[in-house]
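Handing you a structure now.
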Amino acid sequence: MDNILSVLIFFPAIAGLLGFVIDKNSIRAYGISVTVIEFVLSLVLWASFDGTSAAMQFVELVPIVPDFGISYYVAVDGISLFLVIMTTLMTLIGIISMSVKSEIKNMVITLLFLEMTMIGVFVTLDVIVFYLFWELSLVPMLYIIGAWGGPLRVYAAIKFFLYTFTGSLIMLVGILFLAFTYHDAMGGYDNVGVWSFALTDWYQLKLDVDVQLWLFAAFFIGFAIKVPMFPFHTWLPYAHGQAPTIGSVILAAVLLKMGTYGFVRFSLPLFPDASVMMIVPIAVIAIIMIIYTAMVAYAQEDIKQVIAYSSVSHMGIIMLGAFAMNTQGISGSIFQMLAHGIVSGALFMLVGMLYDRRHTKLMSEFGGLALVMPRYAMIFGIMLMASVGLPLTMGFVGEFLVLIGFYNVSPILTILAGTSIIVGAVYMLSLFKKTFFGELTNEKNKNLLDLDARETFSLVPLVLIVIWLGVYPTPILKPIDVSVASMLELMEAKATKPKTKEFIASMRSDNKEEN
Amino acid sequence: MLGQISITMQELNLQTLIPMLIPICGGLLILIIDLIKENLHKSFYVMMTILILFVDFGSVLSLVVNDRGFFDVILVDGIAIVTQLLILVTSMLFIPLALTSKRFHEFSYPEFFALFLFMIAGFQFMVTSDNLILIFVGLETASLSLYTLIAMHNRSNSYEAAVKYFTMGAVAAGFFAMGSALIYATTGSVELYAIKDVLGERINEPGLLFVIIGGGILLLVSFAFKISLFPFHTWVPDVYEGASAPLAGYMSIVPKIATFVVALRVFGVYIDLGIEPIRIIIMTLAVLTMTLANIMALVQEDVKRMLAYSSISHAGFVMAALALGTTKGNVGIFVYYALFMFTNLGAFTMLWISRHKKRRYSLRFDHPYEKFAGLIKVIPMGAVVMALFMLSLAGVPPFSVFWGKLYVMSAAVDAGYIWLAIVMGLNSAVAAYYYLKLIVYMFLKEPNRDMNTVYYNISKPLMVIIGIAVIVTVTSVFFFQQLLSYVTYMIDYSVI
Amino acid sequence: MFEQIAFYFFSAATVVLFLITAFSKNVLYAMSALAAGMVMISGFFFLLDADFLGAVQLIVYVGAVMALYAFGMMFFDATKDVKEKNAPSYLVVLLGGLSALLLVVMFAAPILGSNIEASYPPIEGISNPKSVGLVLFTKYLIPFEVAALMLLVAMIAGIILAGKKMDISLTDIEEDIAISEEEEMSLDEKDGEK
Amino acid sequence: MENLVYIALFAPFVSSLFALMFVMVPKQTFVGIVASMLLFISFLASSILAYHIVMTNEVIYVRMMDWIVVGNLSIPFGFVADHVSVTMMVVVSLVSTVVHIYSIGYMDHDRSFNRFFSYLSAFVFSMMVLVMSDNFAGLFIGWEGVGVCSWLLIGFWYHKKDVTRDINPSISPSWAANEAFIMNRIADLGMLVGIFIIFWNTGSLQYDVVFPKLSEIAVISPEILITAAIALFIGAMGKSAQFPLHTWLTDAMEGPTPVSALIHAATMVTAGVFLVIRANPLFGMEEVAGVSYFIASLGTFVAFFAASMALVNRDLKRIIAFSTLSQLGYMFAAAGLGAYWIALFHLAAHAFFKALLFLGAGNVMHAMHDELDIFKMGGLRKKMRWTWGYMGLASLALAGIWPLAGFYSKDAIIESAFNEGNLILWAMLVITAGMTAFYSFRQVFLTFHGDERYKEFGIHPHEMYKYVLIGMSPLAILAVVAGWGKDWFEGFVTNLLPAYKMSEHTHHLVTTLTIIVSVFAVSGILIAAFKYIRGLKRSEKMENSFIYRLLANQYYIPQLYAEMISKPYAELSNIFWKSIDMKIVDATVDAIANIVYKSGDGSRKMQSGNLSNYLAWMTFGAVALLIAALISSVLG
Amino acid sequence: MIGLNHYLIVSGLLFSIGLMGVIRRKNLLMLFFSTEIMLNAANIAFAAASYFYNDLAGQMFAFFIVAIAASEVAVGLGLLILIYKKNGTLDLDDLATMKG
């Protein structure tokens, strides 16, 4: 049990390696079996997780390069636990729903490797190993987009890779500088001091405000491109537009979350002063993301692009929440990561199913689909409502918490960000109307088949989760809440500027009132 | 009149010479065997060479660290040992590549292996001395052998390559001679430890700074040529293209690492004396090198030329570490090369495996990108292996070069050169493009030929070499600690 | 006085001769000037009490190197004027002039150190060749031996490169006929698998 | 008692799920029957609860479970059955039951019969959540829930295609549905902001925690309360379709008529009024008197404004929709003036007669094969006696004729306007009452009296099914008798709501005031009768007059919105995408990449292949380095 | 009096002449001549410094440079022969197949 995290990380990778010898016709079954086991393992992890404790749990610490302070250091807390579960879930669902026909073996193996890197990113507390998984996750994605994508797939894949790679290299410089600072702080120069890349060690470090700002900027570039934040978002529409369904699902559901997770895990606790100083700029960017990309989404002609841009818009909400500096906002942000993961994943799957049938994603090709594909339309509708944040769906809980959290920071900005519920409805409903409503005019659509058993089987669990967690989010919110509260405590303790301390304290004191 | 000169064997410390004597004797042995019995198969010579190198390897390991020998001409410090080990390992990996399934001209000469061993001896002399004379002679021995080895590939490209390399090498030798003369004129010594003392005294004499720096600059020109820094790198792509693929891979490592050691010894003196301009100049060159080589690599149509530019860029990377002048930077040089070695040699070996006698895809190039189109569908393992090498070169963790990059960048950050680390980072990002380009061709394009055209030149020994390279590239994370601590230990025990 | 006259004579002579070497269109002139320049340089050596070096210079350069070049020239049939599209002269003048200027500026500095102890001073009362020999076979024995190795390498290289065996390139010819036994067997194995 | 709360709440939910099971199969009449029965159960439970509260005056709190708990934010699924909510519950469940029964007949031929019941029951469930919740977040759940159900139901006939505004002012059901949803969302943002303000200032969203704390906040900062009130009222404006967010309501008539009856007349649209009534401790505060006054003024304005548009409209359902809008204005006027119980009373009474009116209109539509133009009807009285009776009754109630329900409730509102001394509001409300009577009876007369114009369109109208007509009867009865319990009702709800007593002065004049209003109402009816009872006489001149066209085109507001908001939004979106995102943001990224690539192309020229060049480069490098050395040595 | 600087300046001039030749020459053989000049220029400097410091190390260096020059000639000529056999010319402009 103590090593469950290692098992979680490496099980898919080993399974992937073994997958090379499996016959082409059995590989999907193999992939599903492996991911089911992985999912069950992650559920076991959840079951044995102590939700009332904010401490890192299931810690494993094995030095790899002790001279340079690199170690294999994994653990989960409330913040990362559910991202791990979402990763295993979405990979499982993705594989079930996968409609790729060619080179399916390569696809399954690639997905398994991707799963390893994604879980690795979320559970690693050693920054270098985190970076390792972070970069490594690009490779399978590159392959998925490039090998099974649309006509512009190579362009999209390379753009995706290079863009994120560039950002993370700048982040790497930041990481190294931070390690150096830690080394310096821990005793002198050149081979005297202790090196460490362990995040928990770094958390103890108090940094000057100037240094914090620079490091914040370095980490920001790495994370912002991944999120992706305006104006670094343009790789995303290409990646989504060209990627096969499974690629888009994983990309939207998990890979984007790495960026926001990075902000919560790194930027906030490591650089509390800088984070507080950057609240307004980040919020402004987030609001631009919310409104601007929502409008861009409205202008799209391709269903998938609408959802791609909507991802950016939703990531704006997540960013906003992460910088609310109170439990509501940050917990909401994390919850919204999960919600967006599942909802956008499901939406991409839905679009993919349509694409499988008609080999087009243009809205102008459709219309009146609700007549021929009622089940499909219904599930699409539910996911759409979750996407626009209808209460009692998952989407609402996160969005509501983010907005209510950020309101304490700035009412005006919150109102601007709150337009998300309007502009989101505009593009989503217009998409729904153009696709599902109206007369069924296109001859080719008249004989479209509704969801088959496999598709239904892959979507229904997501629908159930979306509703379950919309109605009863407590099992997830509770551990998140505990961890976030302790993180905020840490931030307050760490802040160097009294103003920051005051600010975080004021955000936190509002929370304490009743507790 | 001259009195009796008495020298004890103890004083001479001949032990320090053994590592060099072994390849020399081995080379002579090969020549003699050739005289006695002609037409022995190349596999015999290959194995002989490996055995000789193996013995050499053992003798290097048994050296005492920080030892001087033979009138202090020989200097066995940690750097010398580490470098010799690197050279020998690379050589042992290189030489089985002669066992291709197709015949190539150079391997039909037993002299090839003799020259190869002499070359190694030359490099070993280069790195185990701080006497400029011995460095120069060792350098020239190695270089002359190398020119010949290139030309022996025996096709018009390889002549061209050899001539280009030779001519520029001769000019560089002129610069080395002139630089040494200048330093000698300033200090009255050709031994670096003495030079350091005198320079330390004279550095503040009025009007002398230009001379001191100038001497360093002239030496730098010759080193820059060998290490392939901008704008002295121009030979690299042509020579690599003209030479056989494994030799090109070999050239991207061994001569460079040997020259790095010499540069480290020379500029270590300058940097220790606080002559800042030299550091700035080296750093500028390093930055220019990595950047320009990178952007030129972007537009290449041939994989081998691309790899040539990429190795220029990597050299720039390492040169920047050298300019830092910190222990960590110096450790970084060796760690980087140790890790880079396997990957790069592996990549060149993959080209070697796919080398045809006639150019099938392009009139101009041996290894155009098109050749590798759709490799994943033809030979999946081959494509995966090549992709691993490319990712490693691009610095994607956890493959070997990443750790080198990480360490070098960390060294730059520690030394306060954050801008340098950022430039390194951005360059790695640019570099990723051309490595990806090959991956794109291999994985994402449609194949246009059968399997034989790629596995044309394969043999079991080649596969073994590839296997070793892959294992090291992939598992580098597990031995990085050992490597790091060993190299750090050795560097700590060095003069500079 | 004699020293000064000799120095200026040798300087002028070498500069002029080497200029001819660098700029003459005729290979023969260039080579002759080079040889003459080498002789003049040995004059410097004698002037500087490096008798042994001067002798070596004369023997090696004027004797060996020049003979080699002469052989080469005959081989290349280069007695007539060479038609060269020389690099643009502004480039030559600019780069050459600049380098000359810089080197002169550098060398005009007070380079001679006042209190530098010679590590290997010639022993009083012993002729130059003898003291050179003394240093060469003690301190510089290793470089000397390495130089021998280098010459060996050069010899082998010269033999190989100029040898007949290079005329037919095994690299370029296809060798379907010349498959070794071992490889034949491996081919058979493959066929068997199929 | 708690179980009754759950039954009242979840019976519609069960109904919805039950119908959902059959959503993929063809029409099953029993689905409608089961749904209606479940709704009736809900009604019964509500009634028992109401009885219980009437008897014991005991408020029932039910806390089902936690919903969102983060930090100090704790939102439960909590429900309360108090005087106000139980009133709403009874009204909602009653009207719903009737509408469900009605729908069995009305949706008879629709192939999505089962789906309809699923949606309709889901709506009722949402509405119950809305009215029963004991906190603002729960209210918001219902609030959004009804919005979605409204979206689903307006767009129920989603397969109709878009047409231009000239042919159908609502363009298409799906268009109208989206419009409704989006407009409501605009208002919902206001509502959310209100919730945020309340939370951060009181630390809770529970009514019973929030309201007592308001006075504390008033001492510290009244601005907060004003902002909160404004924000909440913006939310109410959306749901209750107050100007300027009113256009969706008339377009919502694209939905099936039972939907219009239930959602867009009786229940959902009154949610805004309900919110103001619920939050009366906030709106009733001294500090936010300005906001309340604004509410009253806006309500009055809307009452008049909507009535004016109803005067000339030709669409049977739209006329009723405008009248709904107008009556909502009345309710807001009352609520804004502080007469919360009167607003609630009018809300309930209005629910009955307006639902009845709509259902009657549904009968007409059913008979007329979905024809809605009253100019194409006439003389239907002969074929549809029952319907005529129902609609006439409802119209009388609407017009405020004694002794029907509308008389009592509307009169009370007008009196309270007078009582507040605001004669302008009073006058407008009185005039509006006259207009209400006029357009109601214009409609009745044009539909049921005069010449049988439908014949030229080849329509053979027939009366609705009997059971439907019987099912409608409770509404008819209530439309008559609901007003009689006014005093009792006042006593009942003022247990919770602030009492509103007329001043002495008003009390004296009450008879006079009543007569004035009644005179206006009756004269409205008379004018309508005079003009239309014998048949339709169209006047070209009048129809081309500016005012007529202005009113017929709803003051050109929909066009204005389309031109000023929708189109610019779409164009701006396009610019953002094509010009900014693609041409600036993305192009910059690509340009950087291209510059790097191009510079590679440029710098490879140095690699000319010519050794001579290489040597020149080498020399150049050496010279450059020497120059650098010279410079640095001179400097340093 | 002739000092070290005099010799060094001559050496520098000769080195530059060699460099000019290297840049200028397109004929490989003549280019090699120029490289010889460069090496010899260094020799003068070594010999002069050796003389003025009364130290033999400089002469040693010069001695080895002579040896190196000789070896280079041997290898260089070997390469020239190869090129000449292949191309029939020693012109550098004809030796530019690999570029870019």
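In this document, chain identifiers A, B, C, D and E correspond to the written order of the chains, with residue numbering beginning at 1 in each.
What we mean here is this: contacts are C-beta pairs under 8 Å (C-beta built on N, C-alpha and C of every residue); 3 or more make two chains touch, one makes a residue touch a chain.
Everything quoted here is computed from the prediction, not taken from an experiment.
A.B. asks: Determine the set of chains touching chain A that also touch chain B.
C.D. replies: Shared contacts of chain A and chain B: D.
A.B. asks: If you apply the touch rule, which chains end up adjacent to both chain B and chain C?
C.D. replies: Looking at chain C and chain B together, the chains touching each of them are D, E.
A.B. asks: Moving only between chains that touch, what is the shortest number of steps from chain A to chain E?
C.D. replies: 2
A.B. asks: Indicate, using Cα centroids, the chain positioned nearest the centre of all protein chains shown.
C.D. replies: Of all chains shown, the one whose C-alpha centroid lies nearest the global centroid is A.
A.B. asks: Any idea which two chains share the most contacting C-beta pairs?
C.D. replies: Result of the pairwise contact count: C-E comes out on top.
A.B. asks: Determine the centre-to-centre distance between chain C and chain D, using the mean Cα coordinates as centres, and give it in whole Å.
C.D. replies: Centre-to-centre distance between chain C and chain D: 98 Å.
A.B. asks: Could you grab the centroid distance between chain D and chain E? Build each centroid from C-alpha atoms only and quote it in angstrom.
C.D. replies: So the centroids are 96 Å from each other.
A.B. asks: Rounded to a whole Å, what is the gap between the Cα centroids of chain B and chain E?
C.D. replies: About 25 Å separates the centre of chain B from that of chain E.
A.B. asks: Approximately how many whole Å separate the CA-defined centres of chain C and chain E?
C.D. replies: Taking the average C-alpha coordinate of chain C and of chain E, the gap between them is 6 Å.
A.B. asks: Using the touch rule from the top of the page, what residues of chain C touch 2 or more other chains?
C.D. replies: Within chain C, residues 87, 91, 95-96, 99, 102-103, 105-107, 109-113, 116, 118-119, 139-140, 143, 147, 150, 153-154, 157, 160-161, 166 contact more than one other chain.
A.B. asks: Return the residues of chain D touching two or more other chains; collapse runs of consecutive numbers into ranges.
C.D. replies: Each of 604, 607, 609, 611-612, 615-616, 619-620, 622, 626, 630 in chain D touches at least two other chains.
A.B. asks: List, in ascending order, every residue of chain E touching at least 2 other chains.
C.D. replies: In chain E, residues 4, 8, 11, 15, 18-19, 22-23, 25-26, 31-32, 43, 48, 50, 53, 55, 57, 60, 64, 67-68, 71-72, 75, 78-80, 82, 93, 95, 97-100 touch at least two other chains, as defined above.
A.B. asks: Which two-chain combinations touch?
C.D. replies: Contact pairs between chains: A-B, A-D, B-C, B-D, B-E, C-D, C-E, D-E.
A.B. asks: Once bound in the complex, which stretches of chain D touch chain E?
C.D. replies: 604, 607-612, 615-616, 619, 622
A.B. asks: Okay, in this complex, where on chain A does chain D touch?
C.D. replies: Touch list, chain A to chain D: 159, 162-163, 230-231, 233-235, 292, 295-296, 298-300, 326-328, 331-332, 368, 370-371, 374-375, 378, 385, 388, 390-392, 396-397, 400-401, 403-404, 407-408, 411, 414-415, 418-419, 421-422, 425-426, 429-430, 433, 436-441, 471-474, 477-478, 480-481, 485, 510-515.
A.B. asks: In the complex of these two chains, what residues of chain E are touching chain B?
C.D. replies: Going by the criterion above, the answer is residues 4, 8, 11, 15, 18-19, 22, 28, 31-32, 35, 38-39, 41-43, 45-46, 48-50, 53, 55, 57-58, 60-61, 64-65, 67-68, 71-72, 75-76, 78-80, 82-83, 86-87, 95, 97-100.
A.B. asks: Flag every residue of chain D that touches chain A in the complex, lowest number first.
C.D. replies: Residue list for chain D touching chain A: 23-24, 65-74, 137, 140-141, 144-145, 148, 151, 155, 158-162, 172-175, 177-178, 181-182, 185-186, 188-189, 192-193, 195-197, 199-200, 203-204, 569-570, 572-574, 576-578, 580-581, 585-586, 588-589, 593.
A.B. asks: Across the complex, what residues on chain E touch chain C?
C.D. replies: Of all residues in chain E, those touching chain C are 1-21, 23-27, 29-30, 32-34, 36-37, 40, 43-44, 47-48, 50-57, 59-60, 62-64, 66-75, 77-82, 84-85, 90-91, 93.
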